[in-house]
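Paired with chain B in one complex and with chain C in the other, chain A is shared by the two complexes that follow.
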Partner chain A sequence: MNSKVTDRIATSIFYLIAATIVTVLVGLLGYIIFHGFSKLNLEFLTSPSSSFRAGGGIGNQLFNSFYILFLTMVFTVPLGLGGGIYMAEYARPGRLTNAIRTCIEVLASLPSIVIGMFGLLMFVNLTGWGYSILGGALALTVFNLPVMVRVCEDALRTVQRDQKEASLALGITHWHTIKTVLLPAAFPSILTGAILASGRVFGEAAALLFTAGLTTPTLDFSNWNPFDSTSPLNVFRPAETLAVHIWAVNTQGLIPDVREVADGSSAVLIISVLIFNLLARWIGSAVHKKITASK
Partner chain B sequence: MGQAVLTEEKTVFDIKNLNLWYGKNLALKDIDFAIYNNEITAIIGPSGCGKSTFIKTLNLMIQNIPGVRMSGEINYDHQNLINGKVDLVDLRKKVGMVFQKANPFPKSIYENVAYGPKIHGLKKKGKLDEIVERSLRDVFLWDEVKDRLNTSALGLSGGQQQRLCIARAIATKPDVILMDEPTSALDPISTIKIEELALQLKKDYSIVMVTHNMQQAARVSDRTAFFLMGELIEYAHTSKIFSAPSDKRTEDYVTGRFG
Partner chain C sequence: MDNKTMTASQRLLKKSNKSLLQMELRGKSIVLISALIIITATISITIFLGTKGLQAFFNNGVSLYEFLTSTNWNPTNAESPAYGAVPFIVGSFAVTFLSALIAAPLGIGGAIFMTEIAPSWGKKILQPVIELLVGIPSVVYGFIGLSVLVPFLRDSVGGQGFSLLAGMIVLSIMILPTVTSIATDAMSSLPKGLRESSYAIGATRWQTIWRVLIPAAMPTLLTAVVLGMARAFGEALAVQMVIGNVRTLPSAITDPSATLTTIITLNMGHTTFGSVENNVLWSLALILLAMSFIFIILIRYLSSRRQF
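Entry: the complex of A and B
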């Protein structure tokens, strides 16, 4: 067989693989959106879910998902940034750094159900909070942190070395160089990474089953006092998120329209994650343009 | 006459017995060197001879490389840089550097030049504007960019970027400018512009220029040092190095017999 023929075969095999991947993804996405889309309307998105009767919505779950996501990012971004800066700029190559890196990698590949069990021990039992939004957000922080550290470290490392040299050669201190040269240059990739991580956090269920719980108390959306038990902002109340809701109605739902609710919720979840991904791309490139062009 | 010689021979850097190791490798061997005021000192030699290493010792940028050790003396402004007590911020304000590849920050032209003075504490807009204009005029870039100071520096040509980097370096008012092969990534016309610029700048600054281009050394420098395998083989007035070198190895190198 001559090399031209082999080349052609190789090319077609890769096209075939690519086509398979695209077909599976488009098929899956299309199936979920096709089945769920008809269910989507304002009422479904805003009304509370029902326990027995048909016609319940996902309002509380949607709110819970975004609230937990928000809290998780509030915890993760500063920690991840700090860890990433340390790993990229301060950690000296050696045993300690290797040990830290191994820990981060192990943590990143930890199954989320294990993180859920850890969360149950730490944030539910040990703290005595019971199932709570805060516990869920902390469990998701554990889940998300290694990824954020990696994202920040990689983003800082890809900033060109000569930029850093230029700054140091002007007599600017290491910390100032990080702050004024490295971080701005790395910001678009960090932002993109953070938004992508948000998509992952948004769709996470297993880590929340035993930390944020499977129920949501009756919420009064006109009460924004975070210390009140019926307030949606109260971080010590249990909160079922959208991903958990999908799992819950499918396994133990007593409502007659299980299928519709699950389809609708799945579509909302997928569309949200899709929006996160598109946002990541758009905002990332927009910020990059803004930073590199005029001030 | 004696007086004239004394002022002419005023040095900014005095280097004695400088040794430098990368880990266990001795990269600079027992260098004795002096850099004179308001002159261009060229450093030539084949790749790997230690010329880039040497120039990076003068602002201690070499210390950013892990595993570097030095002994001897690098005397600048009445202190030995090697004793570890030097304030790097002060030193690098006074000893600026321009790199092989133009490395402007991905910011506006104005921000690039104002960056150093700003971080060193200058806040007043008027004063900053003045410094930016003067620095850009000094590198003959002002007329080319004055209408687009707020556009990205990355939109400039390679030669303009390199002149911008020189402007950025002189904006902190240094005594010395180190240039590490400043034209090796540039086309001939941009190269000539940088050389002319260097000749202008030596009125106010002392310049140390590493170059692999011997014609360049011959064209612009007052003194030339020839490095080979970490040793300073010969250091003399440029005319002497190129017309009557005392060392056979220098002669072989400048006549193109090796390197």
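Entry: the complex of A and C
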């Protein structure tokens, strides 16, 4: 066979591969949004779910998902920022730095179900909290931490060297330089990374099965005292999130309208993740434009 | 007057110096503590899972040999409980390798499309597609697998539809973005001179890709595939929803099967904490942990072989 013919065949195969990848994504998104969109209405989004009868909503699950996401980010962002600053600015090549890098790598490659089991051991049994929002959020912190550290480290490393050197040359100390020069310059990329990581946390289910549990107690949305057991804000109550709900209704659910609930929930999950993705790009570039002179 | 300003400035200088030094120290210790928390978390996960995973062998007298070689898994049998984990170990490795078999050519092909075939517009289309695929939560993959793929396989291939094949297809789509994005980095970090010198001696584009670029990028391309496999090995819920969850060894690709993660997912919730049935599940988790260490060692080895 002529090498030109081979080249043409190979080229068309590459086109075919690219088309396949695009088709898979369009098919997946199209299927979810097409099937789920018609189920979305205010009642479905706000009413509590039902364990036996048809017609349950996802109100509590949606609230739980956002609440756990919020708590996770409250824990992860400072820790990730601290770790990232250490790795980008203070870490000297040596044993300790290597150890931290290996640990980040190990944490990042742990299967999420293993993190969930660690959470079960630490935050459910050892602390005696049982299945709780706090346990779920702490497990997700372990899950999300390596990502945040990398995001912060990369963001700090991409700041122009001149900016840091100019600040140090003015006699400003290292820590003050980090606080007033490097962090503001790195802020847009850190924000983008944090929002993308939020999307990942929002869709995570395996780490929550045995830490936040598969049930939600009856919630009284007029009670905002975080220490009351029926309050939605209580961090020591079990909480089923949206992603866990999709899994639970499909594998162990008893409700007759599994398909409707799962279709609707998947659509909400996908649309939320899409919004997180778009927000990350949009806010990142908007903030970048606002705080720098670049166009 | 002169004396006064001197003392004033000296005082200010001294004070600010001290507080600056304190701030410096405080800042440094805050970030060092964050870094140490990461180490603590990793070490405690290893120790906790290690001790818990070994309890079945040391406290409950389960035979390690039986655990790793027997295909009979029946921990709830009252007279003669059996703890052979081979069906799950085989299941895990089978879906991992099979999904890599699909995802590797597709992912590397996609990467080459983005960097070599249509670098101008191909990247603009495929890059966001890959990023969106990463963003889709695993339960959604599982749900689509359950509601579309399983019925389709039941009708077209036969059998129950719940099978290794279904698990392999779902996983290969899930790990595709991982493989593609790292393979793209590998291809675009190759020096331009390689391409140009190959074209200069009259090679076609395909000859350049196949004989020059792929061999040059091989270690990183393999890293991409190994990272994808690590993700496939640890994935739990999406696989659990489509694989069928049986305790027997699959004899064909269309047979239902189970993996380490799926058996843990299914049984962790309703076995009593501290019982033998529960402890063997922790031993299965220990295998998962050990495998993620092995994947890391493999990736380290591959990145030490990197040339570009």
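One rule holds for everything that comes next: the second predicted complex is superposed on the first by the 275 of 295 C-alpha atoms of A that agree within 3 Å, B and C clash if a C-alpha of one lies under 4 Å from a C-alpha of the other, contacts with A are read in each partner's own complex, and residues count from 1 in each chain.
By definition in this document, a contact is a pair of C-beta atoms (placed from the backbone, for glycine too) under 8 Å apart; a residue touches a chain by one contact, two chains touch by 3 or more.
Quantities reported herein were computed from a predicted structural model and do not represent experimental measurements.
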In the overlay, answer first, second, both or neither for which of chain B and chain C A:V181 touches.
first
Which partner chains sit in contact with A:W247 here, chain B, chain C, both or neither? Use first/second/both/neither.
second
Between chain B (first) and chain C (second), which does A:Q160 come into contact with in this model arrangement: first, second, both, or neither?
first
More residues of chain A are touched by which partner: chain B or chain C?
C
Considering only the touch criterion stated at the top, classify A:A286 as touching first (chain B), second (chain C), both, or neither.
neither
Contact-wise, after the overlay, does A:P93 reach chain B, chain C, both or neither (first, second, both, neither)?
first
Tell me the contact category for A:L168 with respect to chain B and chain C: first, second, both or neither.
first
Given the touch rule stated above, what does A:A54 touch, chain B (first), chain C (second), both, or neither?
neither
On chain A, which stretch or stretches are contacted by chain B in one complex as well as by chain C in the other?
173, 176
For the complex, which residues does chain A have touching chain C?
3-4, 6-7, 9-11, 13-15, 17-18, 20-22, 24-25, 28-29, 31-32, 78-83, 85-87, 89-91, 99-100, 102-107, 109-115, 117-118, 120-122, 125, 142, 145-146, 149, 173-176, 178-179, 196, 199-200, 202-206, 209-210, 214, 243-244, 246-247, 250-251, 259, 262, 266, 269-270, 273-274, 276-277
Using the touch definition up top, name the residues of chain C that touch chain A in the complex.
20-21, 23-24, 26-28, 30-35, 37-39, 41-46, 48-49, 52, 105-106, 109-110, 112-114, 116-118, 122, 125-126, 129-133, 135-144, 146-148, 173, 176, 180, 204-207, 209-210, 230, 233-237, 240-241, 261, 264-265, 268-269, 273, 282, 285, 288-289, 292-293, 295-296
Which residues of chain A touch chain B in the complex?
92-93, 160, 162-163, 165-173, 176, 180-181, 184-185, 291-295
Spell out the part of chain B that touches chain A in their complex, as residue ranges.
59, 61, 64, 66, 88-93, 96-97, 99, 101, 103-108, 110-111, 115-116, 119-120, 150-152, 154, 165, 168-169, 172
